[in-house]
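Input: one structure, supplied below.
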């Protein structure tokens, strides 16, 4: 019962970040601010959803897999954010 | 609980739908790839939720696989955008 | 049965969409992608029909054939892409030349 | 209508929207990017259809390989002009007819049918794999899988055959220029070991749970490709004997076990007593061959002199 409450709360927070991130991604005016909005949804939205599901997990093995999912998603998001941000700079401003 | 999980998955599908508009519209290529990236994360979240709904072996493995490959489209993209498709995305302009 | 209907009809629509895309585009890459839509539509149709068992399980034989199909269609896509790219290198055009010999476009 | 049905319907609508965007979108690059999204949505659809094995294959190929292959091709072949599909009323009518006919077939077939499930279930105890899909792939319909491995090799030979004479036998693709300590270089050293473990794990669990040689092999192919793009490793020259042995090993071992099947009565008949270790051995070797074949298919024809 307590686990259910925790799950609903955490997943709801995760959904909030997904909605906010997507809204920013659609509404923001330029590439870099959109990238900023997107990384919020990536990291926090998925993170809270994963934590919400961890509260229901039936084995330590599943918990490990869930945390690995988040870790890999974080790494992917960090890498692509860097690469795309650099790519989207105007040619003269690239470091 | 299943009802809530379905509802949550539906919400994420709705955000995926909105992001698809960016992929289709751009305006820049970076926007399109970022949209695909965001949808990929949404897809992983949907699968994580479905792993509780279905309680079937392998769904979590699938989420893991997609998280592992999440950066591939973007890496392939920045690579392909250099002059010959093999350039350094962090050095050349 | 609901799932058979929902996904089966989606598969049918995808096949038709892919066909239309294939005949209405000249760009080779877009034709390759459209052809992939036909393939995945067929797989979806097949997979939807595999889910008709009364106890709600999926028939493993179509599943195995679909996995084979997915991998083979990827190999075919890669080969087609390599040929299209080579053609593009040689002719500078992303589409096949017209068959009409008088038309030198 | 239950929430589950609502989920399926919205998912299918998204799949159709993505497909329509792929066909109708003006921009070539956008169309290809949307095709990657389409593959992801299909992956979720396979989970909904209870076919997690298929979902793993679609996910690995759609997210890992198709993106790299098609985005690379789009970058080379995009003339920036944009293409609208031409309007062809006749073709439109024909396609509507195809959709209608197939739709009618689906509706008339949508009634309970056990299919081949009872037959598979009955023979599963002697198949050497508890996962029915793996049992079908490696045992009941091993022929298909052997032919598929051959088709992959033929496709790769076809791609290699496109190389000009001066680069035949050399390395595939171009030399990748990457800053060693940069973001991409670091990522290319961090991810492949994890991906390799995940790939082997998928092959390993494939006998009892969703997974198998194709899914695991595709993951390994994808991370190998990443390591190449990040400049960590180089693709071997296509004339290399070791590479060719690696490509041939999977089909060859599979064929050898098939011939050994004559001892049990017929080509590709596994003796139930040895079926499990045999299947696992074939899968492990086949996965490595598939990984090499798929990765080289994506990299393309040889471009550098030997």
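As written, the chains take the letters A, B, C and D, and residue 1 is the first residue of each chain.
Following the convention adopted for this analysis, a contact is a pair of C-beta atoms (placed from the backbone, for glycine too) under 8 Å apart; a residue touches a chain by one contact, two chains touch by 3 or more.
Note that the coordinates shown come from a computational prediction; the quantities given were computed from them, not determined experimentally.
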{"item": "Intersection of the contact lists for subunit C and subunit D", "value": "none"}
{"item": "Among all chain pairs, the one with the most C-beta contacts", "value": "C-D"}
{"item": "Chain whose mean Cα position lies farthest from subunit A", "value": "C"}
{"item": "Between subunit C and subunit B, distance of the C-alpha-averaged centres to the nearest whole Å", "value": "22"}
{"item": "Distance from the mean Cα position of subunit C to that of subunit A, given in whole angstrom", "value": "32"}
{"item": "Separation of subunit A from subunit D, taking each centre as the mean of its C-alpha atoms, in whole Å", "value": "27"}
{"item": "Of all residues in subunit C, the ones touching two or more other chains", "value": "none"}
{"item": "Residues within subunit B bordering two or more other chains", "value": "33, 35, 61, 64, 68, 70-71, 75, 77-78, 81, 89-90"}
{"item": "Multi-chain contact residues (two or more partners), subunit D", "value": "48, 50, 53, 74, 76, 183-184, 187, 191, 194, 215"}
{"item": "All pairs of touching chains, each written as two labels joined by a dash", "value": "A-B, A-D, B-D, C-D"}
{"item": "In the complex, subunit C residues that touch subunit D", "value": "1-21, 23-30, 33-34, 36-37, 40, 43-45, 47-54, 56-68, 70-72, 74-79, 81-86, 88, 94"}
{"item": "Residue ranges of subunit D in contact with subunit B within the complex", "value": "3-4, 6-7, 10-11, 14, 17-18, 21, 25, 27, 29-30, 33-34, 36-37, 40-41, 43-44, 47-48, 50, 52-53, 55-56, 59-60, 63-64, 67-68, 71-72, 74-76, 173-179, 182-184, 187, 191, 194-195, 198, 201-202, 205, 209-211, 215, 219, 222-223, 225-226, 229-230"}
{"item": "Touching residues on subunit D, where the partner in the complex is subunit C", "value": "5, 8-9, 12, 15-16, 19-20, 22-23, 28, 31-32, 35, 38-39, 42, 45-46, 48-51, 53-54, 57-58, 61, 65-66, 69-70, 73-74, 76-77, 79, 83, 85-88, 91-92, 94-96, 98-99, 102-103, 105-107, 109-117, 120, 132-133, 135-137, 140-141, 144-145, 148, 151-152, 155-156, 158-159, 162, 212, 214-215, 218, 290, 293-294, 297-298, 300-301"}
{"item": "Touching residues (chain side subunit B, partner subunit A) in the complex", "value": "1, 4-5, 8, 11-12, 15, 18-19, 21-22, 28, 30-31, 33-35, 37-38, 41-42, 44-45, 48-49, 51-52, 60-61, 63-64, 67-68, 70-71, 74-75, 77-78, 81, 89-90, 93"}
{"item": "Complex interface listing, subunit D residues touching subunit A", "value": "183-184, 187, 190-191, 194"}
